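I have a structure here, written as structure tokens, and I will follow up with some questions on it.
Note that the chains take the letters A, B, C and D in the order they are written out, and that residue 1 is the start of every chain.
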Amino acid sequence: MTRRRSAGLQSQLVDVSRRCYLRGWALGTSGNSSAVPKGRLGPADILECDDRGEVVGRPANGAAAARKPSAETLLHLEIARLRQTGAVLHTHSVWTTVLSDLHAKEGGIHLEGYEMLKGLAGVTSHQHREWIPIVANDQNMPRLARRVRRALERFPEAHAVLLRRHGLYTWGDTLEDAERHIEILEFLFESIGRQAALEGADRRHGLHKR
Amino acid sequence: MTRRRSAGLQSQLVDVSRRCYLRGWALGTSGNSSAVPKGRLGPADILECDDRGEVVGRPANGAAAARKPSAETLLHLEIARLRQTGAVLHTHSVWTTVLSDLHAKEGGIHLEGYEMLKGLAGVTSHQHREWIPIVANDQNMPRLARRVRRALERFPEAHAVLLRRHGLYTWGDTLEDAERHIEILEFLFESIGRQAALEGADRRHGLHKR
Amino acid sequence: MTRRRSAGLQSQLVDVSRRCYLRGWALGTSGNSSAVPKGRLGPADILECDDRGEVVGRPANGAAAARKPSAETLLHLEIARLRQTGAVLHTHSVWTTVLSDLHAKEGGIHLEGYEMLKGLAGVTSHQHREWIPIVANDQNMPRLARRVRRALERFPEAHAVLLRRHGLYTWGDTLEDAERHIEILEFLFESIGRQAALEGADRRHGLHKR
Amino acid sequence: MTRRRSAGLQSQLVDVSRRCYLRGWALGTSGNSSAVPKGRLGPADILECDDRGEVVGRPANGAAAARKPSAETLLHLEIARLRQTGAVLHTHSVWTTVLSDLHAKEGGIHLEGYEMLKGLAGVTSHQHREWIPIVANDQNMPRLARRVRRALERFPEAHAVLLRRHGLYTWGDTLEDAERHIEILEFLFESIGRQAALEGADRRHGLHKR
């Protein structure tokens, strides 16, 4: 990768991280070992890794020289390899935390009938049936990466995978595609979460007979 | 339309789109086929169409030359023609997604008794009775446009129409009027959504006997 | 009032309005007849009135010359006179809309035991007992103003009054005091709203025996 | 402390306060006696105190000369002494207000199984078991400080303490660490709050048998 292209991507990544932080999808360090809160990332906090997770190139300033890639780098690489994609993004939101736990027993979350689904790559109708698999969380990265790989292989059409009580992994050909997938999936998870709460209240009181 | 007026409208449209994006009413590409997330629209992403949906004038830069109008352009034009309005806006919010599904059986959502209703064009009292029809979503645009037309003809006083699990269409003489309608209707949908959840909880426990 | 002090207040009012707009407490035109959404107010949109509601001084630019004060000016003046305060603010939020309706039968909302109450003028302990009266909404301004006056006279300690399904009126010696009251009351209304929903869910399932 | 380091900290504190204000975690004056809303703090509003709570150094401008430290300074100092930390932060959010009341009987809130826990200092697995003690609120500061001290001594591993219907105290070696703890804990409180509401709705309707 040329120096110039790398710098453009750094700046794009910083912007994506800030937008996710502002929406509350990347608070704290979101479980990574880095000491830098996501909302205050700068170009110097972006590390460029090769396909084995080794840092390549020079960080934008000396202070970053001692930084190590996130422990979850392995997961990003595994997903990029399996899906043959250019960008993998990972967020921690309240709704993915809650719903990945509530739906863990079923092994995934089913999304169907929403116009918003058409924002997922290759989807052309709201009647699309999307299954987002949920895998158990694990601090053993090779084991977690195997679990994610099995989920991706079993559901080759899935646009994302959830780690239980941890967060969302999604991807795309470009960083823009991956960010669009985050926005769409977070929107849909919030929608099904709020609807489940309302349907409970409504059914009890006969406000809606369906 | 003169070049100057057109440029002013482009910039206004970009601002409206950003405000809607920031409130979470236009995440992702919100189902349109454009690759540009709504929060990062620029003037070059605004296409000027004539009343048959054909692009007119030159986009603000060359890069946009290859862009096509949204597949839903037909719907915007149909509404503008039927309501004789200058501006039609379309948003996708969590509350319109959830409530358009919960109220689909009744065919619409009833709003009455809210001071906020007075922000709708021509409404002078909170006692105004507003009925927002809900139509089934469809990827067949001519069929969806017919369905919307029938709803508008049947409810000539309606200030908006909901597409089930898809979003809100509203309009106004000016872009400012249409944006005000979005804000008012989104506010009211959130209010009835939250109240339905609370009334469920309250009635069960005798906190409010009504 | 000197020209300079007036200009300072205009700019403060514009800032307060924008902050309220950003929090969703002043969407649309919030029921007033002005055509300017609250988030895009400028100094020229602020009208200076005397204690009978007549516009005094010259607006900051000619365009505003034709503007009339809000229909609710009478209410602001009545409250300022009765409470002898320098600033009266009015917001429309989702939580005040919902809770002013759910508690209308009791005639008010009771707030007690919250540390946040200490931000209300003159309150020194969380054990303070605040009663916010709710009055029925009305398009007849003199009648609504009388209703508000009776509520203020009956509850001389109240820091605010709610109009049912309409919004909140609160006040303070300075604009800063009034804005602080808005923030505190909106916070407390959201807190009791969310707690009521949770207590419903929790009690049903024996998660909390209280 | 040198003048330069002090100025850097002032500016950091102002930034942290603004971020907390924007998220709704520090509205109003959040119960402190200061007249300055947290979202509009400037460097002149930051007072430097010694370990007995006495103001040291000169405030950044003359206007602040008459300001007194918050009544809760004692609590900050007690926590800093007991935990041997460099930074103590205090916020008032809707979720800590609601949950500190709902869980008051149990004396604390239990957090376990969340990846986000790894953002707490020294925590390396989502299986970490965190207990956040809740103490009764009190306007008698020495008594409240004793109560907080007993909680910290009884739960030496706790990363934070909740004051019932008042808010959160957390800390860290640096201001950045303390702010990260706020973000993580607020995220987790919102998650358990929303999940409790949903589990209620879901269990009632057999959507999830767990």
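In this section, a residue touches a chain if its C-beta (ideal position, glycine included) is under 8 Å from a C-beta of that chain, and two chains touch if they have at least 3 such contacts.
Note that this is a predicted model, so its numbers are computed, not measured.
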Worksheet item: If you take the chains that touch chain B and keep only those that also touch chain C, what is left?
Response: none
Discussion item. I'd like the angle of the rotation relating chain C and chain D after CA superposition, in degrees, nearest 5.
Written reply: 90
Worksheet item: Where the centre means the average of the CA atoms, what chain is farthest from chain A?
Response: C
Worksheet item: Copies chain A, chain B: same or different interface, half of numbers shared as the threshold?
Response: different
Response to the item:
For the pair chain A and chain D, the C-alpha centroid-to-centroid distance in angstrom is 29
Item to complete: Find the geometric centre of each of chain A and chain C from their Cα atoms only, then give the gap between the two centres in Å, rounded to an integer.
Response: 41
Response to the item:
Residues of chain C that touch two or more other chains sit at 197, 199-201, 204
Worksheet item: Which of line, ring, star, complete or other matches the graph of chains that touch?
Response: ring
Worksheet item: When you check every pair of chains, which ones turn out to touch?
Response: A-B, A-D, B-C, C-D
Fill in: Interface residues, chain C side, partner chain B - complex
24, 27-33, 35, 37, 39, 92, 94-95, 97-98, 101-103, 105, 137, 139, 163, 165-167, 193, 196-197, 199-201, 203-204
Worksheet item: Which residues, counting only chain A, touch chain B once they are in their complex?
Response: 19, 23, 113-119, 124-127, 176, 179-181, 183-184, 186-187, 190-191, 194-195, 197-202, 204-205, 207-210
